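I have placed the structure first, in the form of structure tokens, so that the comments after it can refer back to it.
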């Protein structure tokens, strides 16, 4: 039991963990070198993986500390994307800030201003929902599935809200076409993909530093390990939980914006549809482990993208699901979870 | 007035009541041991004192202040620290991080305190970046105690610190406990190694089915025939030869 | 609308309410009795509906630009006719059987693991089934959908009165399933399920094969949902991947069960009629109330509100056993299993 917790909540990076990453990353690109696999798909998959990682790390943090599967996580992503759209199209354009094609990117500088505001709003909203809903349920001592059930309700309501305000049709941020970068091996990278990768990299590093260096980050790991011991050590676990919601939702919102930028459109169902890759990545890596989620996301991203060489691209979520099922059969605790 | 005063404490889980009015006290500088059969509520008593289990009626006062309704993190801040019976370290955190978590509420520089801990428990000091989950049982217990000491507690609650340890390790844990007490920390102990614990205690309580059964000085309880028969078993000779000189 | 119009509208409403009540009963077996968190009801709904439809419809007609591969056409198969359309029973049974097989597979993979893994797996199945029928045009005509799904006992009444007949069929199906599920729930088997829901560790400790019981409950609930899907197929007589949008094929059913009273079969049926009544009734309201998006929003709010304010729903479950083990005062959540 203790061993299980140890394993599942393991965050610190061990020697083998770095090696596994190296093997997986090099393995993926070696895959791209094979004559029958397009390197372009591998690169695309890595970028998709970066978006999945940003979402899945938040999901797994929430799982580790609050102990339930946040079904609304995808809809936090959707909210992030639509709030950005709202700020860009509403407030900022009213202030006369209208532009597209910032630097090499398709979107304009207003999007860069709107992004942190939207992310902060979603984070604040997630904390407010904890106060209004989840904290009450926790105090009542309900089981994890009831919390997940409540988050399903939240997911439905958020989706409804998005559709009321923005309708069910596809929307997109103001954009201007930009030339794609041509790399060797017939790899074409749209400039926005570079933005996506840079933001994801920065966020993953920030999460890593927070969890290993910041006092609150360490307290989050401690609470994930053993909430009661955290309490008697004087840690205010309610605050830890709010930080977790804040971080998790901020990551989700950013993932949503990145996805909207990467796909050049947004739909109210985008987050809900993204739940499968998110959970597949988190479970693949060992749920509760942010590091595992990162690796899991990379595997899911590359695998589902490369699969499109042979099968219909719209099956990508099904491919992620298939990998998840195989993983659950072979090693239910995930790559970085050990036995319990 | 006693440092810790528990009077007529009633507590339990859900609909079951485990403690039906328990009273104990610990004076400044004392070592007090609680013994009793398995499942009689010793751990529940400790959890109620530190706020992990609701106090349904009765009072817990610490340094004269009523703490019965305080949340655990507030109780810890007031200088009453607790080492649980099981799961008493953060396994995925390193030794150093475990101690930092013990000092979570301190906003001052506690590196000196951490060095003291590393001196007191050299096993921990030699590899501070090892994950607690990879430590042996004895080392874990030491880390758990060190973690609780990071706040410079006035009173330390130890729930079965010697459980599951090798006989040699048991002796060394008891030796540390005595040292902690000599340094001025009052101690409330729950122990299965009743003989050893009582022999170094000022006073002891016998709990049974969630109620006080007996209370006396440590030595007196050891000499009590009923206690010996019920709770100390027949292994008097062996245990005595084990106990530290 | 004249009186016959209202009556036939009412019959159509009642048929859908009965079908939803069947889904709610199936979900009650999962969630209400056993605590299994299925968020992919749409998957079983679709599997049941497509199975029954594909078995019974005629093979594709090139003149109608249909290019799917298989139409079982058992509705035209003489030995199954005998004047009472026996094929209908065969189709329902097949719908249940397909769902049972899929439930066995998902259950085998996830029911030994954490509770929420089942949720993810059901979600994955629902999405995969939807993607399959959307992309594999040969299977069921893709997004154009299957139509020409036959009517049960078509010859017995005139088309304008057919709904009344089908209402009787739906009511009979609901009654049979209700009695069966009720019977199962009040049997010793049902009591074990509830013991598992309340305290899995204790149930395991008392020698119950928790995995086997969960599996049986999961399969039973899935079969009920599959039959519901088949009844839907022969009522609406048109199926497309869009039919199985999570909103109307999963979320609404959750709202029905939560509001009616999880754990109580009568509550599930009542919840289905009430929520479906509100759902269809609000169409006639002015302004935002008839906006389907607003109704979606309200479904979510209702689910949360029920959990917070009245977790037992309108008709609470009758409890004949002790409450669940309550954690210490300051839990963050349940410890992992």
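When the chains are written out, they are named A, B and C in that same order, and each has its own residue count from 1.
In this text, a residue touches a chain if its C-beta (ideal position, glycine included) is under 8 Å from a C-beta of that chain, and two chains touch if they have at least 3 such contacts.
As the structure is a computational prediction, the values presented were derived from the model and not from experiment.
Geometrically, the chain at the heart of the complex, using CA-atom means, is A. By the count of C-beta pairs in contact, the leading chain pair is A-C. One inter-chain figure worth recording: chain A and chain C are separated by 31 Å, centre to centre, where each centre is the mean of the chain's CA atoms. Centroids of chain B and chain C (each the mean of its C-alpha atoms) stand 54 Å apart. For this pair, chain A with chain B, the centres built from the Cα atoms lie 43 Å apart. Chain contacts: chain A has residues 5, 228, 231, 237 touching two or more partner chains. Annotation for chain B: residues touching 2 or more other chains are 51-52, 71-72. Residue numbers of chain C whose C-beta contacts span two or more other chains: 324, 326-328, 330. Partner chain C is touched in their complex by these residues of chain A: 1, 4-5, 8, 65-69, 71, 133, 136-138, 141, 143-150, 152-161, 163-164, 167-168, 223, 227-228, 231, 237, 241, 272-273, 275-276, 279-280, 283, 287, 312, 314-315, 317-318, 321, 324-325, 328-329, 332.
The part of chain B that touches chain A in the complex is made up of residues 50-52, 71-73, 75-77, 81-82, 84, 86-94, 97, 100-102, 104-105, 131, 133, 147-148, 151.
Contact residues on chain A toward chain B in their complex (touch as defined above): 2-3, 5-6, 9-12, 215, 218-219, 221-222, 224-226, 228-237.
By the touch criterion given at the top, residues 35, 37, 39, 109-110, 112-117, 119-121, 123-125, 127-128, 131-132, 134-135, 246-247, 251, 254, 258, 288, 291, 293-304, 307-308, 311, 324, 326-328, 330-336 of chain C touch chain A in their complex.
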